[in-house]
Each structure stands twice: as structure tokens, then as C-alpha cells.
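Chain nomenclature is as follows: A, B, C, D and E, assigned in order of appearance, with residue numbering initiated at 1 for each chain independently.
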Amino acid sequence: MILETRGIGKTFGSVLALRDVSMGVEAGRVTCVLGDNGAGKSTLIKILAGVLQHDTGTLLVDGAEVRLGGPRAALDRGIATVYQDLAMIPLMSVWRNFFLGSEPRKGLAFDVVKARRVAREELRAMGIDVRDVDQPVGTLSGGERQSVAIARAVYFGARVLILDEPTSALGVKQAGVVLRYIARARDRGLGVVFITHNPHHAYPVGDRFLLLNRGTSLGEYGKADISREELTALMAGGAELDELEHELKRET
Amino acid sequence: MILETRGIGKTFGSVLALRDVSMGVEAGRVTCVLGDNGAGKSTLIKILAGVLQHDTGTLLVDGAEVRLGGPRAALDRGIATVYQDLAMIPLMSVWRNFFLGSEPRKGLAFDVVKARRVAREELRAMGIDVRDVDQPVGTLSGGERQSVAIARAVYFGARVLILDEPTSALGVKQAGVVLRYIARARDRGLGVVFITHNPHHAYPVGDRFLLLNRGTSLGEYGKADISREELTALMAGGAELDELEHELKRET
Amino acid sequence: MTAADERLAHVGLARRLLIRPELGAVVGLVVVFAFFAAQSPVFRSPAGIANWLDPAATLGIMAVAVALLMIGGEFDLSAGVLTGTSGLILVTLATRFGVSVWLAMLAGLVVALAVGYANGLVVTRTRLPSFIVTLGTFLMLQGVNLGVTKAITGTVQVSGLRRAEGFEGASAIFAGTVQIGGTSFRVAILWWILVTAVATWVLMRSKAGNWIFAVGGDEQAARAVGVPAARTKIALFMTTAFAAWLVGSILALRYTSVQANIGIGQEFIYIIAAVIGGCLLTGGYGSAIGAAIGAVIFGMADKGIVFLGWDADWFKLFLGAMLLLATLANRLVRRYAEEVRH
Amino acid sequence: MTAADERLAHVGLARRLLIRPELGAVVGLVVVFAFFAAQSPVFRSPAGIANWLDPAATLGIMAVAVALLMIGGEFDLSAGVLTGTSGLILVTLATRFGVSVWLAMLAGLVVALAVGYANGLVVTRTRLPSFIVTLGTFLMLQGVNLGVTKAITGTVQVSGLRRAEGFEGASAIFAGTVQIGGTSFRVAILWWILVTAVATWVLMRSKAGNWIFAVGGDEQAARAVGVPAARTKIALFMTTAFAAWLVGSILALRYTSVQANIGIGQEFIYIIAAVIGGCLLTGGYGSAIGAAIGAVIFGMADKGIVFLGWDADWFKLFLGAMLLLATLANRLVRRYAEEVRH
Amino acid sequence: GGQSAPSAPPATSAAQEGSGAKFAVITHGAPGDSFWDVVKNGAEAAGEQYGAQVTYQGDGDPAKQSQLIDQAVSEKVDGIVVSMANPDALKEAIGKAVAARIPVVTINSGAGSSKAFGAVTHVGQSEDVAGRGAGEQLKAAGVTKLLCVIHEAGNVGLDQRCKGAEETLGGTVERLQVDVSNLADVTSKVTAKLQSDQQVNGVLALNPAIAVAARDAIRDAGSQARLATFDLSADVVEAIQAGEVLFAVDQQQYLQGYLPITFLNLYKANLNTVGGGLPVNTGPGFVTKDNAAQVAELAEAGTR
């Protein structure tokens, strides 16, 4: 277990966002966190990434209890994260955003030539062909912006890669690339935490599935314990989609 | 045709975001706009919604050429929009955001009692149970925030409903609710423009499919002309997902 | 309000109240008042209270207007000088051109509103930051105040309003005093309460209030849902100009003379009062009552130090420390109330 | 750079250059220079240029430091008074306590950096807006400057630095003149160029520069990717303090005496210069060269009006109009260059 | 008296023994202004001598000034010393003080209204008188076109000084506005003026720091203009001795602080009034090369 939480909880003022959640991240395994909107998924991974501090329970890195003081502490332990809402600096260019916080150096200076090149290459490898890495991130399309965040996390992820709904704004093709990245990271021995609402994305790559509901855990399942249909059913509270399709058709 | 574009184009500085795109929105029909990241989907709907002005081509409302001076002009023509990135005012409460720009009145005053009640009801109907409509939108989860935007557009949409990736941050259940909303709006005779990356969402409700690629149109298809498999193939450039699944498995 | 939700921890009423922006400021108010009242009996006497409430009132009228503007995401650096301009127009017209005081006030109002309108128009049209635009207005008005005054009167001050027609009536309404329990309080205090009440109503209970929060919070997003952002901002600039006219007239009627350099430097005091009262400099958050309280805190600290008889050389040191402590108390209380939230 | 992309319209080099924040300011510079140079031969003569370049240099040093701070999303209202504090420490120590000028300068530097550090620490710890925190420092320093000076010297100014040990050397380096083509230019101009060059390098070509843009653009997001936001901000406050010390020492050595109220009100001129030079008040965008140019524009407009001999009473009117036009020209050029983008 | 001690910390400035009276000095000078600082020193020295508690406050805004008077009235002080740059604006506040039977002494400017407002007496001479004196001296030195450097736009006192000089000079007086808190700016603006208008052959500074900056400017511009100033500082005295400054107008403002406290003390103890309805003049005196040496030390101590 690289990362582990035991009975972790978090309160915002009067809002109990997370209660008594236990989970683990293993090297070479993908843990999918599933759950409805507002279930507390982002809150949980922000605690893992050091952005938020938990109020109750314990957080363990490599078996030792820690309290991550901030995102830097997590990054220094090789934990790279794609956040759902803390994304990019809109006024800064793509390449500056890409290397933000981990700038390559050349003597004393920031090696801008390398930074530009690597950023362009990594994005192209994701199937995103930004015209100009000098373009401010704020002018990118929603999916392009998300791709930059993913490419960055993949590039810097050393031991754990945390992805909060990375595929939500992506096209089918780009989403496929991201899933392939996740698989590749897993094969390289990284622990991956992957949040998604799409069972078609979760099932192919996931090894363990943590289900959250209104801030509490409904349990953690291994892939062997669960079929794709069961997973979909769990996520949607019933064979919603199929039923829905009939419903939508009928009314036409 | 409530809304129609003929050979519309848009440039940002040196970036050609959209070139020569023609499409139409009919009453009681759902037009899906599909395309890769950065294809120009958001740009197109921002033009329809009056947020951006087109550089070339013509925009017609009810068959008459217009130039929408701003979002207000579009709203006054009954066009309501859920934007991908221009969402909510984070520091304002849910109910204030919900009614922003179309405040209910009671004499001279803003009818806050009604506003609170309606906002709560509409959100609950979407399956989103916000604890407190006085909560600032900035503290909602990604999906909750998107739900507020959708509920607002549905509530105020009079003739045309434009939705830019409304389901991207939503759970399976909530996405189902949104699809049902779209179907219901269509049945009430509204024209709907629906952008999504998920063929499973697009196919059940769509009547016409506009495919964009790198700023240009690949054509508009009726539902009769295209099967779900063809659509998926078109969106992903091949039966990507299935193939991918094999690939992901093999490497494990 | 909502049905009980298991995800809501129980929160006391006190804490709920403290979340309101203005109630944080109240704590600062209490702290500062207690500090001075404990040491100076004059400070807490009715006469003393009347004393420090008076400057707080004129400052408060401006702070409330400026707070609305700041919530709407803009600054007005010309507000201070505009009080001078309004006053100068009033006194000059009434004393040198024989216009009645009422008409002269009307002329001042028209000019002030025109300046506010121009500020708003330039800001919304050119999309230059209002800081720079109103700085331009600030400098230009300063030049006009001085230039016109010197050209017409030959000196840098105009006086003699007392003898003008209609002075008595206008003075009673704008610059008079009211007896409460044997102490005479300035009528400006009533104007201040009125302005604060109206501003609070507009902010919390009107369409326009919703728009003000929205244009300050995220102008693009507000525009996208159909908020007339430009009109809202122009109206806010005109509100500030109106307040400047009101304060300028009150001061001119009270002192019956105006100096050409009056009001310079005040613009920041208004902003300070609004910020002490919990307004965000970046817009989208704040309250009118908070700004009014901020004005009282500033007024109390400003006058309280004099009451304590501390050396004027060190005055600014105490004032600075006092402001910092008041804002800090305010912030700590709010933090406790809402916990870390980002 | 990238392979040709059919989605990229052809864009001329000129337009590409104009997108840079500082090159917008250059247009303002050319406009203002042309305006005054056309009407006043003295203004464009070497002696005239040396004259208006001198105050532009001291302003420019501060404007560049303040620009970095503003890009990092913060303000420093205490910067102006801190120049006075540094100067007062220098002169007081050297004249009343017999310390050598060099040592006195060092003491001033230590105090200035401590003030900058305190500003940064309070801002990052309390999360109060820097506007309010440094306003507190501003007021407190004002009080300290006056109070301490009076306590030590009995007057409000300290003088006599000329007789202090080490004056000659320090004066030559910080307050001397350089002959270029028969005209003597102040050595402060060289310091200004040096500061601008270093700041530009840091902003564009160093890790720290990336962090500065990031903490100003979105502090939460920057923190989330591991940028040490607090340290970056504290360093920025200390940079501003360093610049204040440099300018304070330059002025003290030049005039060999310092008044206790020096520098008050200058803090806004620094911000103005930075904004004219294209810095965003909301942070995250701007350039050091732009701020340096902004200082020149301000300096030229300020002095140019005197060269033209316009009536002093109307001075501020012209200054305000000039600033507005320069910023507007800057903005229009940038707009043309990048088109509507939101 | 030149024995003014450095101002004591706030806690101990209360009266220890003696009359125990409490006097408030309220002027229109900004804190840190070198002229008014000497007034403050004078008032405090007198207070110390009589064992009276003297508080000093100053604000250039007449509204603020009258608020300070109101405050002093509600504190029921034993006497108020007030400078009247804008008599109209202070009328009401002074009226309240007089109505509360608090003796008022007016100083510096406002001699004309002093008696009408019910003040006990007036000390000092107004700014325009001092300006006229400076104008005469400059005229005698052959100045025909004078640059009057105003370091605070809209300040009535400064404007009156320039106007006074204009009345007696006979030639033209041009005003130049500068920013007193930025001396580099002052030097540069005066230089600019001298460079662009060669006719200017005299400069009148209204503050010693401005005088030093103007001296540099005259040097930079290579101009022959004669320089004069209001008020003293060690640097100015040095410059006078070096012949760089022609003279400094010395209003002996120390007396404008010292005398009113003395008068109020006497009034309180003995109901004495001074002047018989006429103002008590404190100047103007002129510090030139001849008497500079003696004044130098006193200026350094903050009493001249």
C-alpha cells in the first residue's frame, strides 16, 4: 500500500462532506472511486493530494501515518494529481502551466526551450495538437485544457497518479488515450486513483472499486467480485440507462 | 427552423476556430453537435447564444437574418443556454445564481421567498438534493454546480435550449435525468442543441447530428441516416473503445 | 429550511449569524469601542459619541456607496474630489452668481451625476480598469476644482454661503442638528442611516442587488445569463457620484465655505472603510451595513486617539495598528465561523 | 514554431510583437513623447531628456518592483513611506550617531527587508488582503517616521549627511552623475536599467518568474501544483522593500537630508506607473519593462506640462487627460493586436 | 527659549505640577510640516514651563479642524489655540467653544475674523504679510520674474504667500506645483521650468526641503536665478551662508505656539488679555547671510 486512509472524515463548516472512509492505493493497481454527484469523491482525493487536511481518521503513506501539510508535501512523495476544479492558471501559456511547480533548470535559469518542446511533445502524444504552446490556457477549449492537466500529471507522476474525472470533457478518442495512459502507468508500477462517472471507462482499467454515497463508503470491491453490469447497476442505482432509452423512445 | 446558421465562421486573433458551418435547429427536434476536443462546438453555440459574434456567414432566427448583440438578445428570443465554461458566480448563493438575470418580482422587490422555493424544487426534481440553497455555488461539487446551470436553463428555456456538455460532470443517474429533460423539452416543442462526447447520450435523444472537425462541418445527418455504431465510429474515428478494451486487457 | 439532512452538522445560531459579512465587522466595532470607552469617559459620553459619529456619518455615506461599487467589481478614485466639486459648484453659484442654494445644489447634482455617468461609460466602453479611468477623473477634477475656483474667485477657497438665498432651509435639512436627550447630533447621521438602509434593501432584496453581486463576481458569466452589466456598472458609478454630491453639499452647507483641494485623499479612506466592513477588493462580496460599520470603526479610531490625548506625532502609528487589529478581529471571527473554506 | 496548421491565420510580425504587454506601453510612450517634443525644443534636448529621465528613474525602480508584486497578486501601500524610513535611518545614524554612511545604509537595508518580510508574513498568514495589511504598515511607518525623527532630533527633518564619513564614495555610486555626450545624466538611471533588466530576467527566464505569474493568476491552483505561494509572496514583498531602500538611499544621498513625511502618497504613483505599463490590477499579468516604460510615460507627462509652461492651476487636469490618453492608446493597440478575446 | 526637550512619550506628557490646565492647539498644518512643527514645539515648551497639559493636532481640511475643535470643547479644555486659514468654516465650531466659556486664541491667519468670533486675542501675522515681505526683498535683489513653488496644491496658506509676494514684487509671479513627498520630482520640475523659461530670475520656495531641491535645480539648469525660501532648516542655513539662498523668511512661528499658551495661562490665572483688540505680530523676520550663523543652531533644535 502506497497510500491508505483509515476512517477518514472531513467537515466544511456545517457540511459533513466525508465520513469514515477507508481505502488503499497499491502499486501497479488502479483504484476507481465511484459515486453520485456530491458523494465526496473530490474531497477524498484532495485529502490524498494534500490540498485539504482531514478532520478525523488517519492517512498513511507507505504504512506510516502522515499529515500532508500541502500539495508540495504530496508531490515530493511522488503523488501527482489532476484536479476537477483547481486546474490551470488561465493567463499563463500552455508550457508555463505544464511545468509549473517543477520547472526544468539550465544553470540558474528556467530552461524554456526544453519546456516548450516537452510540453508540445507530450500534448501531441495525447492526441491534442495545440497550435501554439504559447497560447494562454484560458483560450483553450474545455477538453484541451483538461488534456494539458492530464499530460502534466502523467509526466510528473512518480509513484501515485490521481485523476479526478479526467475524461469528462474529453472526446471519445482522447478519452481512449487517457485510459491507455492509465493502463501504462499501472504497468509501470504506479498506483492510480481514477474517478469517473462512466462505467465504460471505469471497468476496463479498474482493479478495485470504491463506492461512495453521500459521504460514506459503500465498500471496496475487487474486479473479481463484480461484473460490468453489477458495476453499472451500482453506479446508476438500477439498469437506468437501458430503461431510459426505452422511455425516451416511447415519448417520441 | 427557429435558428439557422449559413456558412458561419469565427476567428480569434490568429486562430480560425470555425469555418463555414451550416446547421439548423427545428422546433421539437434535438440537434446533437459532435466532434473532437477543440473542434469548435463551444464556439458555435456561443454564437447561437449571442455571447460571441460571428465574423463571416449569416445567422437566422425564425428565418430572418440577425446579429445577436449579446446574450440578452438571445434570451429575449427564448434561447436559454448552459455554457461549458461560463457557468456560475462562485460567491453567490444557489438561488441567486438560479434566477440571475430573470429575477421574479413582487412589487418592486426581488421575490426571494419564491426564488428560494423554486430553486430548491427544481434542483430536487433533477435528483440533486442541495442541503441549503443559501450555500455559495463555489462550494458545490462539480456535478452539483452543473446541475444548477441545467435546471436554470430548463426552467427559463422558452423556445430553444442549448446545452454544452451538460452531462460531462454528472453521475449516471443525474445524466439520465438530464436526458429525460431534453426529451421532455423536445416533446414540449422546444428546439434543443445538445453537445456531448458520449455517443450513448447522444444517440437516444438526438434527431439530427452535426459533426464538426477542426472547425469545419463534416455534414449533418438525420437519425434515419445513421446507426448507433456508425455514430460511435464517426465520433471516435473507428471502433476505438472496443479495441481499446482488448488492448488494456492484454497488457495487464 | 430544508428538511433535516444527515450531512448537515448542527450549527448554533451564533455561528450562523457570524457568517454574515457585516457581523464580522461588528466584532471589530465592539473591540475598538471597548478599548476607547474604557480609557476615556468623554469618548463614551453622549457629547463624545455625537462627536465621533459625525465624521463617521459623512464617511459612512460615501463608504456605503463605494461598497456597492466595489461589490460590483469597480473602484472610484474620483469620489473624494467629487465631493469637493459638488461643494464648490454649490458655493460658487450661490455666492458669486446669486443663484438660490436649492438651484445651486441641483446644478451640483447634475454635474456630479454627469461625472459618474462619464466614469461608468468610459470604464464599460474602453474596458480599461476603473482604477485607471477614475484616477484620470480624479486628477482632472482636481485640476478643474483648482483652476475654476482660482479663475472665478482669485483664491483657492470660496466662502460666504451663509448669506445666500435659501441657505437656512437647506442648512436645516442637510447640516442641522437634532436634539436627542440633551445632546445635539448632526442630521448627517440620519442621512447616513437612510443611505445604508436603502443600499441594504437594494443589495439584498432587489433585482439590481442580484446584478451587482453578479457583475462583481464574474462579469462574463453574468453577461452570459443576460445581466445588463454595463448598465449596472454605470448605475453604480452614478450612485457613488450621488453620494459624493450629498456629502459635498452637507459639508459645504455646514462650513459655508469650500477649499479647492477638499476631498483629495479621501477616496482611499472610503475604500478602507468598505474593506474593514468586509467588502472584497476583488468584487462580488460585501455588504452595505458592513461598510457603514467600517466607517464607524475608522471614525472611532481616528477620533478616539485624540480623546486619549496621545501625541499627534505618533498618531498614525496608533491608527495603523488599530485598523489592522480591527480587521484582524473581524477576520478571525469569520474564520472561526466558517472554518477553512476555499 | 509548430508545423504549419491550417487553423492558424497568417499574422504579421508587427502584430505578434504588439501582443506583448510592454509593447502596448511603447505606443503610449511614443505618443506622449511626440506630443511634447513637437512643442518644446527643450523637452527633446539632451539636457531636457536628462531632466525628465531622472525622476522617471527613481519612480521606475519602484514601479518595476511594485509591478512584480502586482503580477504576484498583491499590493504594497507602504512602499512609498518605506523609502522615507530607509532614508531617515541612513541620515539619522550617519549624522547623529557617527556611524559611517555604508554601515548606516546597511542598517536601513536590514530594517527595510524586515518590514517587507513582516508585510509578506502577515499577508500570507492572516490571508487579509494586502491592501489592508500594507495600509496598516503605511500608517504605522508614517507615525514611526515622524515620531522617531522628532524624538531624536526635535525637528521634522534630519540633515547634514554631507559631513558624514563615507559620504563621498556612497554618493558617487548612488547619487552621482555620468557624462554622456556633454550632458550629465543621473546615475540613478543606470540603477533603474539594471533593476529592470534583472526583473525581466527573473520574470521571463527563471523558476521564480513562473511562480510569480502563477500565484497572481490563481493562488489556489498554483499551490495545488506545488508552488510555494507563501514564500513567493514574501519574497516579492521583500523585493519591493529592497527597491524602497535603494530609492530612499539614492534620494537621501542626493539631498543629504530627509524629511519625516517624505514618500507619502508615492505608493499610488508606483501602482499607476505599473498599470500604465500594462500590469493587471487583479494580478497574473504584466511585465517589468512595461512598468519601467509606464514610469517614463508618467514622468514625461508630469514634466512635459511644465516644459510647455501651461498654467499650474490646471496642471492636474492636463496630467489626468494625458494619463487617460496614454493608457487608452496602449489599450487600443493591444485590442487591435489580439482582437476580442475573453 | 531654546531649551525645548524632545517630545516626551504620550503617557508622561500630562502635567506633573503647576497650573494643571489643559490647552488644545489645533492648526491647519499637516502633521510633519516643518513650519507647524516649530509651532508645536513652542506650544509644548510653554506648556511644560507652566505645568499645563498641551495637546497639539493639525489637519488641513477645515471640516476635520472644526471636528477637532468640537472634540476639545466636549473635553472641556481650559483654552483652545486655533489657526484660521478658513475662518468661515470654523465659525460655528469656535462659536461653540466661546459659548461654552472656553477662551480661544487665534494664531497665524484669520486676524480679521478673530475678534468677531469672540477670540481673546490673535497672535502672529498672516501668510500674505509674510509673502509681501518676501516680495519686497526679492524686488530689492533685482528679481523681475519669480517662480513661486507650491508644494501642496490648494493649500490656502501657500497660495496667500505667493499672492503676497506678487503684490509687492511688481514683476510677474508664476506658480509651479510640485509634490513635496518626492524631492527628485521637485528638482526636475523646477529645472524644467528654468530650462524652458529663461526669463525667470527668481525662485521662491515655501518650505526648506523644497528650497534644497530648488537649489539643486538652479545648479542643474545652469540658471542665474536668485533663490529665497520660507522657514529654516540646517541645510537652508548652510545654503544661506554659502550664498546659494538669498534669505529665508522667518515668521518666528515658535512664538505662535509659545505666546498663546502663555496668554491662555495668564487669562486663566489672572484674566489678562493682550493686544487690546489688535493682533500680536510675530514677524516676519529675515534670516540672511549676516545673521545666519546665530540662527543655525536654533534651527537645528527646532525652535526657529
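Observations on the model:
Convention: contacts are C-beta pairs under 8 Å (C-beta built on N, C-alpha and C of every residue); 3 or more make two chains touch, one makes a residue touch a chain.
Keep in mind it's a predicted model, so treat the numbers as computed, not measured.
Distances between chain centres, each the mean of the C-alpha atoms, put A farthest from subunit C.
With respect to subunit B, maximal separation of chain centres occurs for E (centres as means of Cα atoms). The geometric centre of subunit D is 34 Å away from that of subunit E, both derived from CA atoms. Centres computed as Cα averages put subunit A at a distance of 71 Å from subunit E.
Centre-to-centre, using mean CA coordinates, subunit B is 47 Å away from subunit D.
For subunit E, residues that reach two or more other chains under the stated contact definition are 7, 31, 153.
Those residues of subunit C in touch with two or more other chains are numbered 7-8, 142, 146, 220, 280, 311, 313-316, 341.
Shared contact sites, meaning residues of subunit A that touch two or more other chains, fall at 12, 15, 131, 139. By the touch rule above, subunit A contacts subunit B in their complex via residues 12, 15, 35-39, 42, 84-85, 128, 131, 135, 139-144, 147, 165, 168-176, 179-180, 183-184, 187, 197-200, 204-205, 232, 235-237, 240-241, 244-245, 247-249, 251-252.
Residue ranges on subunit A touching subunit D, taken from their complex, read 49, 51, 70-72, 75-76, 81, 83, 86-92, 96, 99-103, 105, 108-110, 112, 116, 120, 129-134, 139, 152.
Across the complex, subunit D is touched by residues 122, 126-129, 131-133, 135-144, 146-147, 150-151, 220, 265, 268, 271-272, 275-276, 280-282, 311, 313-321, 323-324, 327-328, 331, 342 of subunit C. Per the touch definition, subunit E reaches subunit D in the complex via residues 4-7, 30-34, 37-38, 41, 150, 153, 174-177, 179-185, 187-189, 191-193, 195-197, 208-209, 212-213, 216, 220-221, 233-235, 299-302. Remark: subunit C residues 1-2, 5, 7-8, 201, 204-207, 209-211, 213-214, 217-218, 220-228, 280, 284-285, 341 touch subunit B in the complex.
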